[in-house]
Structure formats: structure tokens, C-alpha cells
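Quick notes on the structure that follows.
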Amino acid sequence: MIPWLNKIRENVMVKKQVLALFDDAAKAADANEAVMKEGVKPGDIEIMTGCPYPEGAFGEHDKPHRVYRFPFIGALLGFSMAMLITAGTQLSWPLITGGKPILSLPPMVIIAYEGTLLGAVLFTIVGVLFESRLPRVGLGLYDDRITEGYIGLLLNVTEDNDFAIKKLLQKHGAQELKEEG
Amino acid sequence: MQEATKLGDKKINDDLLANIFGSERRYWLVCGFLAMGVGAFALAAGYMIVTGLGVTGLNRPVFWGFFITNFVFWVGISHAGVMLSAILRLTKAEWRRPATRAAEIVTVFSLFTALMMPVIHTGRPWRIIYWFLPYDFQRMIWPNIRSALVWDPTAINTYLTCSILFVFVALIPDLAVIRDRSTGIRRLIYSGLSLGWRGTSQQWKLQMMAGVLLSALILPIFVSVHSIVSFDFSMAISVKGWHTTIFAPYFVIGAVHSGVSAVVTVLILLRFLFRWEDYIKPDHLDALGKLLAVVGTAWFFFFALEFLYGIYGAEPDEIALRTTQLFSMPWGAMFIAFLITGYFFPVPMWLFRSVRRSMFWMTITTISVNIGMWLERFLIIVPGLMRKQDLSFVWNVYSPSIVEITIVLGTFCLVLLGVLLFAKAFPLIPLYDIKEGEVLQGEVTVGRAKVPAAFHEE
Amino acid sequence: MKTTISPSLHDGVLQGTFGDVSRDVVQRTSTIGGLYKKVLGASFALTGVGVVGFLLIAFTGSDDRSQWGYLAAMVGYLLTTALAAPMVSIACRSVRANWGKPLARVAELYAITGLGVLLAYVPLVVALPALYPNSDAPRESLRHTIWVFWHPHAPHIYDSLALLTLVITGIALLLISSIPDMADFGAKATGKRASIAARLSKSWRGTQKQWKARRAAIGLLSGLYFMGFLTLHYQYSSDFAMSLVPGWKDSIFPVWHALSGLQCACATVMVTMYALRRWGGYTAYFGVNQFWSLGKIMLALSLLWFYFWFMGFFTFWYGRIPAEMAVLEFLFTEQYRILFLVAFILNFLAPLLILVWNKVRRSTGGPALAALLILIGALVDRIRIYVGSWSIEDSFGHSLKEMPPAQLPTIPDAMVIVGGIGLVLMIYMIVAKVIPIISMWETKEQLLYVSHRSLLKKKYMLIGKPD
């Protein structure tokens, strides 16, 4: 089989989203494991919780991200900007004060240090928001009870497995099933 | 450490959001009282700006008095946020959870207030614009980056920006909780503020990562800020007692001492106002008390070094300054009060478990620390300036005017009011942090004893 | 056939029973292998070289005090490394860090090497000049000192007392904390060393009362050791370095000196731990977790090393006071420039660049390499500071009048340096065969409080922290 053709086929087959609500984390974890065994791919499952659980607690797969690159880029930009400003402003009218050279490295380093960290912080925040896909307009299939302690299991289901998956979710203690699409 | 009771997500939300969805009368009473203080502050500051700095006690050569003391004091208080939030987050201290956001908010409001002090102190606040614009456009003479007075606002603005963003990022999941509990216009506002947060695994993972990354990045800023504030003094060679190499870490550790004390005072106030007995427990104060005892002692070590190196070599002018600080009135009395309130009363008290777990004694001791720390800054600034220096042709004593006293007292009301008004719109205890604590809470059984434990990712 | 079950590491968590730990550690302590004999022999030889070097300096050198600069540097280095190492166990115990339990003894065993430091210190205290030649001389023209209005021999008296107190406190801490393990070793092993251990721990029965009293004693002695450590660094760095250089008035210097001590304490323990794991077979006790955790602290201390140095340097540089600029020139930018650069690279840049990467930090080799570089850097730095200070002929007055050239080591100087390291190694290795190098009782505590448990679908580390 041709892999890319397969992928297109899978995407076309996505019919709708189902949100299962659980009042207990253990039930949600069991349900997650069961739907994965049933053939639902990790990329088609989202677990929504009201508080952070340790990574992998629900048996979910790790998703890649590039957050660590952002602070480095920010730091580099911040440092360059600060050096440019400190050097540029002093060179624009060279005036010796306190017996120190016009381009005094230690004071420049102080401002560059702040600039570097400011850049790194700003870019980290941009990176975290970007990788979290925030801001997001509209919540999609969601339930307010998630922030009250319910666990939401959001699944992309196809026509083929729709019925079986819903049954499986109910079997594992889903309190409510919501559908979209 | 943590008492092993589980509250559940709903109760946590109910308790910690109660003030947002309906406040008690005592909350408004306290806010009203503080607002009067802020009003007095605004009137005094306005009067001074209109009339001129002549209404203060400032004179030649004491150009820095109550305002600059207060500036250093509030920058110091602002160090609590990062100290508790970042360091304790990085060291995975479980007891940090209820204290972090309040600490961060104290940071933000005290930094705002601190920034306001030198602006007011200039007498012509609008001229602050020359901090970032050339003050001679024709010749393009820019601010002198070799001056500590340029580094200082740079560092404070960086810290303020980063602290606000740090608070905001950590607030997003809690804003989503308010959104989900609200209707109408309030829901609309919080929907916007929470940026569409849904609490997916990936979002939580990145949120946690942001906490660690930002903590690691903000820590070096935190250390730099008070170091740079100390440069305002230690770079000046003409004032005896200022030009000493230990000033930077001495200021930083002193800031942590006063900042963490302030956070304890605020936490106890919040516990009383919002009935947060289930969240701010004696356990937390106990841990903070131990931390304070260590920080306080470290600060005292630095103070001792600063003082000892003041008299190192018995140089006459240094000895004269120390003699003024110690033996001439009113400075001597202040010096004794500073030592007692800043160290010798609170720190030995914290050695007792019963004191560390008592709301009353922790309030008294932490307020005492901040009285001492305020006096410390005052004693660094004024006696040094008061003495005739190599480059001054006149000397004089300093006594603050009623305008300065009103402004300084008003700043305390301003910071507290800011924190309380923030609590009307946003939760002051991070909901998800408390909930996470419950998820990770475990127990190890050793014989018949049950030892509190926590799950850790390897 | 009887088989010995050794404790092992499983995903960073020590597995085994109390009996396994006792058997394993007792067996390792009672066995003397070929490699041990070789290293001990080498340390004996190095100590001998050091003694010869010392005798050569004492009997063939001039009267000039500058000849003792390298010995002062060596003592300064040992205060910074060997006598600082117990701080690691004190810190780990005070924050109840579970990862630190197996390495507590590795760290505090260094306290016994204080006996060697005391020996090396004696000639220095004889060579150190008095604070002022006579009481009639005007105070302004005298040596700058922390003992402003004290006796002219205040440094001689009080620095010696400070060192003696620290060494006694350290040894007391070591003995008290190792009593349960010595009792275990004494009971389970045979031979002369086991009988010494048994005699030292004779009254130990492990009653609740004894455990409680011992815990309190450890707490008290740890506090005293910490205070003694700070005091000694303050006094030694002031009296044996700063006060010998006119114009050097630097209040941050003692703190920086002590901080460098904490950095080197971690480095010393790290290198020892690596050697024990690599060549001593202690793989079950020193896993990646120990290297990773200690590495993080070492990284933080390396950053602080820079911070404290920069704050001192910058205040002088900015002030531009001639007396302070002369000190900068002498110790940083002219005479001892190369040594300063080497120290700067090895104590700050190299550890930063190595340890900043989590993958490297989370290994055994990376942190050990950084630690080794730190230890080399600290030696170079102590040579810069103490040799420079002792080379100043006239220590009186307010500023440096003449800057002597950098003093290169002679052969006896080099012999003293290697001899000091040999002496510490020799004492450490001998004592490690009487007092078990692994803190068995703390390792057993770790078995009680750290385990793998499931939380929903995954296993995590569950760490208990008793009050």
C-alpha cells in the first residue's frame, strides 16, 4: 500500500468527534487504554482535565514540541538588541564620564543581561502559547464540568468504529457522551 | 508535611472562587479603609508635585530620604514572588502550592509602587521620559548607560514585565475555571482572557514546562534586580559606607528576608478575609517559618560582614560614620530597633514550632521583620549622606515632613489594596496547583506510621 | 551454597532489603583489593614527596615569607575542598533529600582529613606577620584587618581556634553519624579494623532513645559545622590573603571564598562518587539520580561563583579608586591574569557549558568531568590568591606601593602541592576501611521511603518525607 494514500484515506474517513465525560480518573484511563486497543490512534485522542496529571498517567502518548528553541532565539535577539542600543546611543555623541571608556563592557553587559533574559522570557511565552495552540477561537466540543473535576476523552471516530467506540466508552463508565459533526 | 485531606475539585473551586462571585462585607470594609489611605497618598503626592520638593525634608546634602528608602524597601518586598514561586517550583517543594500566586501578586504590586517612588521623588515626574529618549535631540545625547540610574529602571522594568507575564501564563487555566462557571458578559470576558484553554494533556504539559522554564529564566532577573538597586549606592565612592563589594548579595538576601515575611503577613490576612483555613494551614506557615529562619540568619551574616568591613582598617571617616549610626541619637536608637525587629526578636522566635504554627505570632514576627528592614534601608541611606563627604561643601540633618510620611504610609495601603482588588477578579491561590497537589499526594506506610509522600516524575 | 544478594538500582530506585545493604557494604569495607593497595601506596608516596618539599622550603629557603605562599594556597585549597565536603551531607540531611542519603558518608568522611590540614597549617601560623609592629604606631598606617582593635596576634590565635573547632566538630559529626554503621561493621566482619569499629560503637544498641539522641546531636553538630565553616573561610581568607595586600578591602571576598568552598564540596563528592562507582563497584548506591541532583546544585553554585566574583570586581572597576584598581591589576589583569583566566574558565565557563545540558547532567560522566575541572580551577585560583598575597613584602598602609611579579612555583612548591593532595587521599582511604563509606542507616531509610508506585497507568517514584 502507498502510505500517503493511506493517510488521505484515514483523514477522509474522520467523521465526527465524540466527547466522553468521566467522573473518575481511573475510569478515564481504562477507557483510554481500551479505545487505543480498539484501534483508535493516539493522534485521534485528546484527554481534557481540570488539573495537570503526571505525563503518561492516562497511558497517553507523548506529543513532540519545540518549546525549548524559543528561549534561545529570544535570548539571542534580546542580547543583540541590548548591545546595539547601548553601543549605538553612546557612540551617537561620544562623551566620556567617570573616566570610563565610551564602550565600557561591564555596564553594557548589565543592560545586555537584562535584554537577554527579557527576550528569552517573551519568546518562551510566545513558544508556549504557540505550541499549546492558544489563543483559540471557540472551544469546540467541550464541557464546563471538566474544570469541576470531570475527565474528558475527546475522540475522532469514523463511521466504521463509531458505534463500537461509544459502546466501549459507556462500558468503561462514561457518564455522558457528547457528539459533534 | 501536608495534612492528608482531600477536598475535591468542586470544593476547591467553590472555596477559592467565592470572593469573585460574591464578596463578604469584611472584604469591602478592609478595601474601603485601604482606599482612604490611597486617597491620602494621592493627595500628598499631588500636593508635592504641584508645590515642589520644598515641602519635603530633603536638603543638601541629604537628597535621598524617605522616598528612596521606600523605593528600596518595595523592590525588596517584590523579591518574595520569585523566591517562593520559582525557587520552590524548581525544587519541587510541595508546600509552595497555596503561597505562590499571592507571592507573585505581591511582587507585581510592590514593583509598581517601587517604580512610583523615584518618579515622585524627581519632583517633575514627566521628565522621566528622558530615561529612554535623548535629552538633547539636536545632538542626540542619550542617557548614559554607564550610570546606575539607567541600569536600575532597566532591571526593574524587565522584572515587572516578566513577573506580569509569569502571573498571566499561570493564570490561564484558572481563568478557564471562572469562564466555565460564569454566564453573560463575565463569561465573555473570561473566555477572552483564558484564550480558549481546554485543559488537554498537551496544554497542561506545556503549562508545566512554562512554569519551570519561566522560573529558571526569572531567577537570574530576580537576583540582578536588587543587585542593581544596590549599585545605586555601591557605585558611589564619595559616600562613606556605600562603596562596598558585598552590597549586591546583601541587598538580595535582605530583600528575600523582608519579601517572604511580607508574603506570610499577606497570606494570614487572606486566610482571615476569605476563610481559607483549608488551604493556608499551620503546616505552610511552619515551612515558611523555617525558611525565614535560614534566610534571616544568612542575611544577618551578610549584615555582619558589611558592618565589619566598614571598620576594617580603622579608617577615621568610616569609623566616624559607624559611630554616628551606632551612638548618636536618633540613629543609635533606630539601629538598635532595626537589629531587634529585623533579627533578634523574630528569628529566635521562629525556632519554636508553636510560634511557626501560630497565626498570631507569625503575623507579629513578620511585621516586625519589615519594620526592621525598612529601618535598615533608612540607616544605610541617610546617615551616610548626612555626613560631610569629600565632594560636598555643606552638611545637614534630615527629618521627614508630614507629606513624605503620608506618601510612605499610603504606599502600604496601595500595595494591599492592589492585592485585594486583584482577588476580586482573579483567584489568589492557584486552583490547579492545589488540585495537582491532591493528585500527587500519596502515603508511605512504615510500620504503624503513615508518612506523607508525593509522586514524582523521574 | 550461600549466595550473596547485592542491592541494585531499578529505574533510579534502590532495590533490596536491609540485610542486603548491610552484607554488601560490610563485605566491601572489609575487603582490601589490589587497586586499593596501589592507590593507597601512591598517596603515601605523594605525602612523602610533600614532606620532603616542606623540609626543603623550611631549611633551604630564605627568611622571606613569600616562600610559604604555595603552602598557604594548599591549605586554602584543602579548606575549600576536603573540609568543605561535609557540607554536602549537612545540606542533604537538612532538606531531607532522599537522593543524598547514600552519599552522606562519602562527604562527611572528609572531615577526618582535617587532621592533615591542621598539620599543614602549623608552619603558616608561624610565618604569618603580626598585625602591627608596636602599639605606638598610628592606626591609619597599619595593616588593614578584621581584628581592628584587637591583639596584634589575634589572627594567629583565633584562626587557629577556628580551624581546630571546625576539625573537632567535623570529626565528632562523622563519628556520631557513623556509630550505627560501625556497630554493624564490627558485628558482621572480623579482623582488626572491625574490632576498632566495634570498640568505637560499643554502646550502640539501636534503641529509639539512642536514635533520637543521635539525630539531635547530628542536627546540632551540623549547625555548628556550618557556622564554623563560614567563620573559618571568613577568617582565613581575610587574615591569610586580603589583609596582606594593602588597599584590598573587599567585603564580598570571604563570602565568595566560602561559596567556592561549597562549589568544590559538591565537586569533591562528585569525583569521589564517580571513582567509587567506576572502580569501587558501588554502582547500586550511586546512580544517575545522585549525579544529576548534585550536578544541578553544582551548576547553580557555578553561576553564583560568577555572580559573587562579578559583584566584587565590578564595584572596584566602577569606583576607579587607585588603591582598588591596583588590587585588580595585581590579582586579575596583570600579574596573575593567566591564572585568573584559567580559574574563570574552569570554575565558571566550563561547568556552565557542560552542565547546562540536561542530557549531560543526567549522566555520570558529564557531572564528574565538570567536577574535576572545578577542582583544578579552584587549585589554580587559590594559588593566584594566596601566592599573590604572600608575595607582598610590605603589608602596611592603604595601598599597594609595589607589585611583585607573579611567583612561579619552585620544585619544593610543587612537591608541597602534590603532598597536600596525597595526604588527604591517604587519610581518607585509611579511615574508609574502618568507617563504611556508604551510610548504611541512611540507605536503609531510603529503602523505607522511596518506592515505585502506580498512579493510574504509569509507575512513578513515590517519595515519603517524614517530619
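To keep things simple, chains are lettered A, B and C as they appear, and every chain counts its residues starting from 1.
One rule holds for everything that comes next: contacts are C-beta pairs under 8 Å (C-beta built on N, C-alpha and C of every residue); 3 or more make two chains touch, one makes a residue touch a chain.
This is a predicted model, so every value here is computed, not measured.
Ranked by how close its mean Cα position lies to the mean of all protein Cα atoms, the top chain is B. More inter-chain C-beta contacts link the pair A-B than the other of B-C and A-B. For the pair chain A and chain C, the distance between C-alpha centroids works out to 45 Å. Inter-chain spacing, taken between the CA centroids of chain B and chain C, is 36 Å.
As a whole-number value, the distance joining the C-alpha centres of chain A and chain B reads 32 Å.
Chain B has residues 220, 439-440, 455, 457 in contact with two or more other chains. Along chain A, residues 25, 53-55, 58, 98, 100, 107 each make contact with two or more other chains.
Multi-chain contact residues of chain C (touching two or more other chains): 318, 320, 455, 460.
Against chain B, the residues of chain A that register as touching in their complex are 25, 46-55, 58, 60, 63, 65, 67-68, 71, 86, 89-90, 92-93, 95, 97-98, 100, 104, 107-108, 110-111, 113-115, 117-118, 120-122, 124-125, 128-129, 131-140, 142, 144-149, 152, 154. Those residues of chain C that touch chain B in the shared complex are 11-12, 139-140, 142-146, 148-149, 230, 234, 249-255, 289, 303, 307-308, 311-312, 315-316, 318-321, 398, 448-449, 451, 453, 455, 460-467. Touching chain A in their complex are the following residues of chain B: 8-10, 13, 134, 136, 139-147, 150-151, 154-155, 158, 161-162, 165-166, 169, 172-173, 176-177, 180-181, 195-210, 213-214, 217-218, 220-221, 224, 228, 431-432, 435-436, 439-440, 455, 457. Interface residues of chain A facing chain C in the complex, by the touch rule stated above, are 25-26, 29, 32-33, 53-59, 98-100, 106-107.
In the complex of the two chains, the chain C residues touching chain A come out as 314, 317-318, 320, 455-458, 460.
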